[in-house]
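The letters A, B and C name the chains in turn, as written, and every chain counts its residues from 1.
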Amino acid sequence: MRDVAVVSFAYSAVAKDDVHNEVELIGPVVREAMAASGLAKSEIGFTCSGSFDYLQGGPFAFVSGLDGVGAWPPIRESHVEMDGAWALYEAWIAIQTGEVDTALVYGFGKSSPGDLHEVMTVQYDPYYVLPLWPSMVDMAALQAQAYLAESGHTERDLAEIAAAAQRAGASNPKAVRAGNTTADDVLAQPVTHSPLRDADIAPITDGAAVLVLAADDVARRVSERPAWIRGIEHRIDAHGLGVRDLTRVASAEAAASAAKVGERPVEVAELHAQFSHEVLMLRDALGLADDVVVNPSGGPLAANGMMSAGLIRIGEVATRITSGEFSRGVAHATSGPCLQQNLVCVLEGE
Amino acid sequence: MAGQPVAVVGIGQTHHRAARKDVSMAGLVREAAVEALEDAGMTWADIDAVVLGKAPDMFEGVGMPELYLADALGAVGKPMLRVHTAGSVGGSTAIVAAKLVQSGVHERVLTVAYEKQSESNATWGLSVPMPFAPPLVAGAGGYFAPIIRAYIHRSGAPRHIGHLVAVKDRRAALRNPRAHLHLPDIDLATVEESFLLWDPLRYLDTCPSSDGAMAMVMGSESVARSAPNPVAWVHGMAMRSEPTMFARRDQVNPQAGKDCAADVFAQAGITDPRRDLDCAEVYVPFSWYEPMWLENLGFCAEGDGWKLTEAGATAPDGDIPWNPSGGVLSSNPIGASGMIRFGEAAQQVRGMAGDYQVPLTTGKALGHAYGGGSQFFAMWVVGAEPPA
Amino acid sequence: MTQTFVSHHVLEYPGGYTRSVGPVVGRFLTGLRDGTLLGVRLADGRVLVPPTEYDPATSEPVGDDWVELGPAGRVESWTWVAQPRDGKHHLGRPFAFALVRPDGADTAMLHVVDAGSEDAMSIGMRVAPRWRAERIGHVADIEAWVPLTDGEEPKPAPPRTNIPADEEEGDVTGLISPMRLEYHLTAGQATSRYLRGLGEGKIIGGRAENSDEVYAASRGTDPKTGEPTSVEVEVQDTGVITTFCIVNIPGLSPLAPEIPYASAQILLDGANNSFFGLIRGVEVDDIRMGMRVRAVWADELVADHTAIKWWEPTGEPDAPFEHYKDYL
């Protein structure tokens, strides 16, 4: 395998962006990430993006999105209808073939134009589940209830997670939900989707994320301390909630094992946990020790741009490695109801 | 081509129809996938990863359908990707799957593309009216017909050229039992008398709307060497994109298509595609796109594409058959159409194209897909022998 | 920052999606129509409900060993829905979503429980289906599951009230799936400037600072470079037809005139991109590439695409091919 590193990262996140269209959302973030990459646009070998048409309620979101990049002269380009983390995986594969040395990866989406939690229902089994219209939060709550009953964790444990996310978010200027919040503050909120409260549910967020990958010598040329991808794996579980063991995340366990997360100690983790209980479940699935710093950015409970939030996890870990704050970290991204599909990426400094 | 060698070791596809009312979406993709596995001599357990492609989710109203289809496609516990690059998606999906092998990451990858257009209606799905966008008063043909007029004007092509393609591809489809349209009585007069939809496009110049799926198994060199049936080696693959609309854009002969073809032919060592290929399966949804793409892909000089068509060079018995399977004009499950082109090219070089098999001399064929307003391209060249 | 336009948008396939369900899902739905709950036995002996076509663990076909289940079952997990959604949820009062494992099954099915209040819900509680009398072969033929008290027997399905009188009814082969989603979409900065211009009888374009190529109706960037089209440029409401088609299909759009009509790409004077427009005020057979046209503005201008009704010939001499050949 070639050594591939994250050499640049930028993202935007706001609760509701009703002044920019998707092109205007992407453009500034692309320019910021490219400026920081030390690479000229002509040096980018491959471009790959992730988006979801149902967020804007019309087909081909990625087509106009490309206008934010500037695809001229023609570029090598692809798109996944998945979180940008999987676009990064496709770009990493392209670099592994040896055909290109660099890639521009982005994910974007606005959650605010529709009723996000209802919009995501379109993902569910079209014959048995969609006709009943459970929301994304209803599905998560079914998992939370089962997990609490099985694990012995309590609503207070969830509140501790939610409060910690907001406190961490206080030092992240892009957090849309942040504050000096305590578990008691969270527990004082009403339960809206038993056993979950508002603070346990990721906030609605609009935004884009852009990340630049470079291989081998190119990475060393443009970055003093590239964040090297040492393992990247993803797996999917069965779709139906009723056929899965909802109290664990088998596909995340398998991805973490394949990415060799546990080979050496992990110092920092960014988890694509959109609900408090998912932090606990993913800590278990990834085998993270108690001393691992989890979601120092605040994570998706502080800012959750759809289709970029998974990619942002990789960028957040990479940034902390490049800065020298940490030397080994793991990033996680998810897709589908109740953590059906999971990607795990191990990043290291030199 | 850089990286590890890749070959197509199994292919399957559905019988394409206007409506496959006998199957669910899972049943549809499954039909193609099972046939591909059997062709490859594999079971579900042999597959390392699955790559799914389709056009907009709104055609069927299932968002990110890879989630629901994971069980049906044997992906549980495995990596699964979902590609979407508009009309070129079937080609792009095959390329992403092949790269999983080319990169050395996997040995056996199943890739599937599908569309079940009868769940809604393709015209609606392609042109959902959106606020602030200029209204699409003329429909999808209203986008492409002016470009065809521009081609006719630039090239001086006679008006019947498109109709020749419409007849040629439908006649070819008569030898392909999987094709959606079987029009045994079609001739030039039938096409010329068919309804004039978007002048210069007549009804029979346009593609149908189909339900269908295509699947392939990609294998590494060692997998290919032990495959039970002949394999198709990948000699080159490329994707290119350009913006939908920009100043001085050549919409008739897009630069992205030219660049993509130049790249894939360079990888495959092809200097004269008309001479060096045995056939091509090219995404031709409107008949006139055959002469246009003949020029764009470098099979002839600019302005000469129609002359090849008129001379019969692209007919099944011509010197460079285009779309011997009947092409998109005969079957068009949109998300699968590109992969069908890629797969039909592979079937030809495997010598497994049945009644529409072309004679093999160079043993190489082109698979081509494009999408959007001709701004997304995906192509591969496959061969009977491994790359030198 | 320009104030931007926001518009309500409904995404809805008229009449709902027409789903064909295949034999396995069809068998289960037929069972529901008959007032029975069916599972299918997998190769390892486990009973799967609701039956998918392929074993979730092995991907093998599920086979044909059908088992009648329940009808009572156990709640494996649940969450409360305090505010049912109009047009989505079929119960008009608060209810629970739950994973219910019917007796005899090894898996759970997602469904709704009509328990009256959240306090009545718990993991492990016993529930039974409350069947509709009018059953169509749909997952909501069980209107809801309801709590069972100790020793209480589940009620059988009532006789079906919608049996067709005069025709043989086959198995369920499909279902209609309505899907309506609503959005409030933002035009963005550049498009809002353009739309506002239309409301004032002007066509506003933009260019990037580092380029002299002007885009009419820019979406915010120069698509070639991705640079913002931050320099506002007014372009003329006259231009040249670069190419066109004549439409003979009625009803393609509510805005379409009577057929035949012409839809053209127009290169506006002062812009570098082409622009779609309807051509009227001339016989369609007389429309030519290179013809000079001008916008015909609506009598009352509003800031949207209806401000320009169509385009008509100016009567000036045609532009030479050389003028627009790079815009095709």
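Note that in this section a contact is a pair of C-beta atoms (placed from the backbone, for glycine too) under 8 Å apart; a residue touches a chain by one contact, two chains touch by 3 or more.
These numbers come from a predicted model, not from an experiment.
**Q** Counting only chain pairs that touch, give me the topology of the graph as line, ring, star, complete or other.
**A** Topology of the interface graph: complete, with all chain pairs in contact.
**Q** So which chain is the furthest away from chain B, centre to centre on CA atoms?
**A** Farthest by centroid: A.
**Q** Which one of the chains is closest to the middle, using the mean of its C-alpha atoms?
**A** Chain C is the most central one.
**Q** Based only on mean CA positions, could you tell me how far chain A sits from chain C in angstrom?
**A** A distance of 26 Å separates the two centres.
**Q** Could you give the separation in Å between the centres of chain A and chain B, each centre being the mean of its C-alpha atoms?
**A** Distance between chain centres: 33 Å.
**Q** By the touch rule stated above, which residues of chain C touch at least two different other chains?
**A** Residues 9, 11, 17, 19, 21, 25, 52, 56-57, 177, 179, 185, 187, 191, 222-224 of chain C touch two or more partner chains.
**Q** Which positions in chain A touch two or more other chains at once?
**A** Residue numbers touching two or more other chains: 21, 54, 57-58, 64, 66-67, 70-72, 119, 122, 126-127, 130, 238-240.
**Q** Which positions in chain B touch two or more other chains at once?
**A** Those would be 24, 58, 60-61, 71, 76, 128, 130, 132, 243-244, 246.
**Q** Considering the complex alone, what residue numbers of chain C touch chain B?
**A** Counting only chain C, the residues touching chain B are 5, 7-9, 11, 13-14, 17-25, 52-60, 173-174, 177, 179, 185, 187, 191, 195, 213-215, 217, 222-224, 242-249, 252-253, 255-256, 260, 263-265, 272-274, 276, 278, 289, 304-305, 321, 325-328.
**Q** Per the contact definition, I'd like the list of chain B residues that touch chain C in the complex.
**A** 19-24, 26-27, 30, 44, 58, 60-61, 71-74, 76, 118-121, 124, 128, 130-132, 134-139, 141-142, 145-150, 153-154, 195-201, 243-252
**Q** Could you pull out which chain C residues touch chain A in their complex?
**A** 1-2, 4, 6, 9, 11, 17, 19, 21, 25, 29, 48-50, 52, 56-57, 76-82, 85, 88-90, 97-99, 101, 107-112, 118, 121, 123, 138-140, 175, 177, 179, 181-191, 219-228
**Q** Using the touch definition from the top, list the residues of chain A that touch chain B in their complex.
**A** 1, 21, 47, 52-54, 57-60, 62-64, 66-67, 70-82, 86, 89-90, 93-94, 96-99, 119-120, 122-127, 130, 233-240, 250-251, 254, 335-337, 340-341
**Q** Please give the residue numbers of chain B that touch chain A in the complex, ascending.
**A** Answer in residue numbers: 2-3, 24-25, 55-58, 60-64, 66-71, 75-86, 92, 95-96, 99-100, 102-105, 125-126, 128, 130, 132, 238-244, 246, 255-256, 259-260, 372, 375-376.
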